[in-house]
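Next come two complexes, and both contain chain A; in the first it sits with chain B, in the second with chain C.
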Partner chain A sequence: MLIQKAAQKWETRPLEFWAKAKELRAKFYQDEKGAKEQRVFLIGGGDGPQQGLGPGFGNLHFVHPHPEAASMANTSDSYSRECRGATEACGYGRNLCGYQLDYIGALLTNKHFSGGEMPRRDLVAQGNDLCAMFPKLGQLEAEFWDVPDHHTDATGYYGDWDEERSKATAKLMADQYLGTIEWLEKATGTEFNVEAQIESMKRQRHTQALRGEVIEMLTHVPCPLDQKSAYSVLVLGSLVGTDPVETEKLWVMIRDEMQWRVDNNIAGVANERYRWTENEPPPWFFLKYYRYMEEYGAVCIQTFYHGVRLVEQPDGTWKAPKMPEVREDAIKIKTKEDFARAQTGMMGMGGRRSSGWGGHGPMPGEYYQNLMNAVKAFKCDGVILPLHRAGIGCVFSMRAAGMKLMEQGIPVMHYETSHPGDRTDFDELRMLDQLDTFMEMQGLRKLVD
Partner chain B sequence: MVTAGIDVGVKTVKAVIVKDNEIVASGIASSDGFERAKAAEQLYNQVLQQAGISASDVDYVIATGSGKMDVSFANNNVVEPVADVEGALRLCPSAKTLIEMGAEQVRVAKFDETGKVANYTLNQMCGAGLGMFAESMARALGVTLDELNEMALRSKGAEPINAECGVYAGLDVVSLIHNNTPKEDIARAVIDAIATKVKATANLTNIDDDNIVLLGGVAKNKGVVDALNRKLGVECMIPEQPEMAGALGAALIGAREVQ
Partner chain C sequence: MERFRKLLEDPHRYAKEWKEKTGGRVIGYFSHYFPEEIAYAAGILPVSIFSKPDIEGISQRYLYSAFCPYSLGVLAQGLKGEYDYLDGIVHVESCMPIRGAVANWWDRLPVSFKHYIAMPSQLDEPSAKDLMYSELTAFKRYIEDWTGKAITEKDLDHAIEVYNTNRTLMRQVYELRRLDNPVVSGMEAMEMVLTSQIIDKEEHNKLLKEALNEISQRGDTENTGPRLMLLGSEISDTSLVELIESAGAVIVIDALCNGRNYFWNNVLPMDDRMLALAFRYLDKPRSPVKDESYRRRVNEIVATAIDYNVQGVVYAIHRFCIPHQQDRPPIEKAFKQRVIPLHAIEYDGTIPEGEYLTRIEAFIEIINIPTSVKV
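Showing the complex of A and B:
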């Protein structure tokens, strides 16, 4: 390996919010396992705004299968492999989404990724998603546990902007959301407390706004937060429904710490000299590739999986879109109906293509534009994109976006996996070799002190 | 100044000695399966002998290829496309794009006259092992690789077979054998499948000019080259020893490193 000497060393420090984040995540899974003792309903199913309804009921704990499956893939290859094998042996095809191969396998083997048995779900509330596989998982989970389930329709329209269609879609989503609340009231025998839920929603919006502020700060050179650490916290309060009050406190901590690091040029990676961006979830089973790239002084910055797309301002800076409560035309939310309309709108269900919030699922051509914007906003030198066989990110536009970026002179590397949660088709040595090639062809070599 | 480049591939190992910017010795040998470190060392000794020098006369050794880490006597190593480009520019100075077709990988790189790589694409995993695929198909038909080529050139028409995956393509060939398809047509189908896959990889690199050089052992396969030229619509350049470009490039990079 050709070697270069590090030209510059940034000061770096351990992340102070790390212990708090770890504690929050651990508590979420402890609560999943302790739901019975705490007389809390454990709710299966995923993907949708119903995941945030816990505070309005006070006795629900939602578990989204996908982050749990991502943790499975990340925690142990042998365990994840055992689970996927169990799913295939049960008759499911290998082309199933990797998260589902993992998660169904965990149900079948009755093994939770953090140890012990899979806690039995009491109900399943499955949200909507345009992916053909995701909504089906709720039905399967309900049949497995033999528990009542509730489902909502997905809406999708990627044509030219249509105001009337958008209004109708938003109304459908809000009405369905109200239907979910009604179903949960009946199924749990608990009255929905709209005041508590609205209060929580404000916290969630504030948390999301804080997340936007943090993403804006990642444009700074040196980047204050490394990508591997970022992935550990960005789903807290969204896909992983941690306690809203504590999650808000955590994000205040993160925002303040990042601001301090930016003000003092404290880097996430001490030898940062090359920046790249990526798209969609990473290979959860191979996050060490971020550390491998650090040997070249290369750091990954931002992914649409963070759920924030920065927008260029007239002065040339890049900012996160404002959350509704900080907009001048903020919606006054007082009733359950107001809440349903606002919440489904926030989740982007009424017009996700232009919301600025949310990650995967834009119009095909938008992948290129979003990536090009990210390259500009985060001052990136290159792009690394996955080619998954199935599930998230399995879109024809990923390769097309890569080719278009190359046409614009942006170096691009594609790597192949089965799915972010499934390493079956993944060749670790090939990927490391590709990374070496990607760096060396740009004149970068591994660094020595 | 004397430098050496060692290219350790899956099937073969190649070595080149460069003295004062001129090739003074070169050689190729089998990688010998699990013994490729030993094979590399043996070949290195052979080319040193051919050049009439000893190992202590060599200022710098650079390894490349998938087995580059196995070359314990190398001072350093370099990734394959960077070595390939360096070698390609020496062998064909007008080249702007290279397509390297080895036993294991197809690599396509676009570069400028200084050797700076603009775009680079590696074959998708399903398309790996094209060189080995050609060899195994020749074995399946009971002929040598050279005979497979000659047979393909005599074909009057062939059914397309799977060009995405060598394993599935092999199964398609078995079906053709069962259907009593003439060997010549099967050979043609195999060659066309390889060319189709190579072209697909080339397309992903946005190649847009006709200064293309073919490298690697498969570049010596006339059938594949003809089929590829037809599919690309250009006449690709082929140096005299297309499989030596990586080792040559490594030796030239070594000379620069020493300077």
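Showing the complex of A and C:
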């Protein structure tokens, strides 16, 4: 192996927010297991409008299968294999994605990844997930626990903007939102508190704005935060519904720390000389690939988990879009009906299907443009895109978008994985060889320390 | 009956000749939730895009190989230019892998009309009807803009009548399969239903009437083997059906998206034609992706199997056909509860004849064992 010397060595430091982030996530799972004692409704199911409704009820704890299964695959290979085996033995095809195989298996084996039994869900609220894998999981989960379930739709159209169609799809979404609130009211016997929900929304908006500020700072050279660390915090408050107050405090910490690191050129990766984007995470059990790439002085920046897409400004800089404020005076949110309509509008739900959600929806051209913007905004030199087996939502358009990037002269590497939640047959050595080849093709060699 | 077989030998020939003869436009569609009547009312020939195994792997340049073989095969057909006679492509929201094929088709292959109908997934929700109505109305508007011709109520009535006639005739064919000694084989029925998706329905109606007349003159048939139901992923050819029946069984009913589900329910007359169409497509026998909340599909399939006195079920699922994989355990359980044996096969689009024949023969033997012995 040829070896090069690092051109520049940046100062780097441990992240101070790290402990707080760990504490928040651990608390989330403690709450899942302690829901019964706290007289909180534990709700299974996946993505959907229901996930943001906790504050309006005050007694709900939503558990999303994605992060739960990701943790399972990452925690223990033998446990994860046992779960997947149980799922297969039950008759589910081996072609389901790793998250489903893991999660269904955890239900069947009644083992939680953190130890002990799988906490029984009281209800299931299933969204029409942007990935085709999950909408039917709610059916299964509700039947498994024998509990009431509620399902919501998230249909949108592709094509040019059309006012009438957008109104119709937005109405569908508002109806779904309202239907979910009313179902939760009936199922939990709790009246939805609009004021509490709006207060929480203000906080969420602020958190999202803070997140935007942090993402903007990742355009700095050297990048103040490496991707491996970033993944640990990006799902907090969203897929992992941590306490909104504490999540906001965490993001203030992250913003302040990132600002200090940017001001002082503190790098996430000390020998940064090459930047790439991946948009979708690698297998969670293979995060060491970031460390391997550090040997080349390479740092990964940008993933759709950011939840923020930077927009190019007239002066050539890239900024996060300004968050719309919750103007309850202006739109006079007094009732849950008002809230459903307002929330649908503010979240841009319904209408033309166009989202920043990685592979989960955009057509190849649009996905390519998202990636190209990321390459420009974060000053990336290359793109590495995972093709997750059975991850239909994850890889939708990814291959085609990668081809388009290559046509524009951007170095792109696709690699195949068994799935972020499935270690079954991921070939680590082949992947490392592929990385070596990809880097060497761009004239890069491993660095001498 | 020979005419149906001939049409399937080259599924593109009819549309090409039709186009040459009429100067009309041809629209290809991927999902059987596509409201063909609207296109037909505008003088357009709607054709179902069939998949063939992508042996060369040419679609994998744009789609990951872990997509289902149906999607890969569909895209491959497009990339190879098999469908270069299409003027338009329309898709109705269904499963994500097919959407991936459509996305890449739109991206790489030029057509003058592209449209995506946002069909809801929670079909029991009151709001589903509103969205479906809105989307069908929008589709009609887009078709009118494209053709430069307004679609009148008279046009729609004619299209609905032609399509309803076709559905009624197809149901008559399927009724003949319900008999103790079915006079129509699964292979013949499959040929009829597949050809109905690639030729002008008016012409297909004539062929069906001739076929029904021919069938009515048949005496006893040899279709006396075990009565099977065929379930699973979409099938674009008759090879699997042919193989199963060659082993001595007879497929008396299916629950395939492009089989029975394609024609099972009619458009019911209503003053508002678009609403009538919306209801028709919302009320179709469900595919797994449109059966997300209340599980209606399992009971409906089992009830149909009982209605057709089915003795066994072949559940043929494409590799990576996620929605069908997800429905498999509840369907297996439901048939098990009714002591109807089920044999599941997972395939990648190609049919390994030797292996499948052995499996089907073994399955037939199991069915033929007297119940007392099985217990």
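FYI, the second predicted complex is superposed on the first by the 416 of 449 C-alpha atoms of A that agree within 3 Å, B and C clash if a C-alpha of one lies under 4 Å from a C-alpha of the other, contacts with A are read in each partner's own complex, and residues count from 1 in each chain.
Keep this in mind: a residue touches a chain if its C-beta (ideal position, glycine included) is under 8 Å from a C-beta of that chain, and two chains touch if they have at least 3 such contacts.
On a predicted model such as this, the values are computed, not experimentally measured, just so you know.
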item	value
Chain C versus chain B on the shared chain A, clash or fit after superposition	fit
Chain C versus chain B, contacts on chain A by residue	C
Partner chain(s) touched by A:Met406 [first = chain B, second = chain C, both, neither]	first
Partner chain(s) touched by A:Thr155 [first = chain B, second = chain C, both, neither]	second
Which of chain B and chain C A:Asn373 touches, first, second, both or neither	neither
Chain B versus chain C as contact partner of A:Asn193, first or second or both or neither	neither
First, second, both or neither for A:Ser114, with chain B first and chain C second	neither
First (chain B), second (chain C), both or neither touched by A:Leu387	both
Following superposition on chain A: angle at chain A, chain B versus chain C, Cα, nearest 10°	70
Which of chain B and chain C A:Asp427 touches, first, second, both or neither	first
Partner chain in contact with A:Thr75 - chain B first, chain C second, else both or neither	neither
First, second, both or neither for A:Met441, with chain B first and chain C second	first
Superposition-derived minimum Cα distance between chain C and chain B (Å)	5
Chain A residues contacted in one complex by chain B, in the other by chain C	387, 399, 403, 416
Chain A residues within the chain C interface of the complex	90-93, 95-97, 100, 126, 128, 131-133, 135-140, 143, 149-153, 155-159, 162, 164-165, 168-169, 171-172, 175-176, 179, 353, 363-365, 387-393, 395-400, 403, 416
Complex interface listing, chain B residues touching chain A	66, 76-82, 109, 116-120, 122, 124-125, 204-206, 257
Chain B partner contacts - residues on chain A that touch it in the complex	1-3, 387, 399, 403, 406-407, 409, 411-412, 416, 425, 427, 430, 433-434, 436-438, 440-443
Touching residues (chain side chain C, partner chain A) in the complex	60-64, 66-67, 93, 95-97, 99-100, 103-104, 106-108, 114-122, 125-128, 130-131, 134-135, 138, 288-289, 291-293, 295, 317, 319-323, 325-330, 332, 346
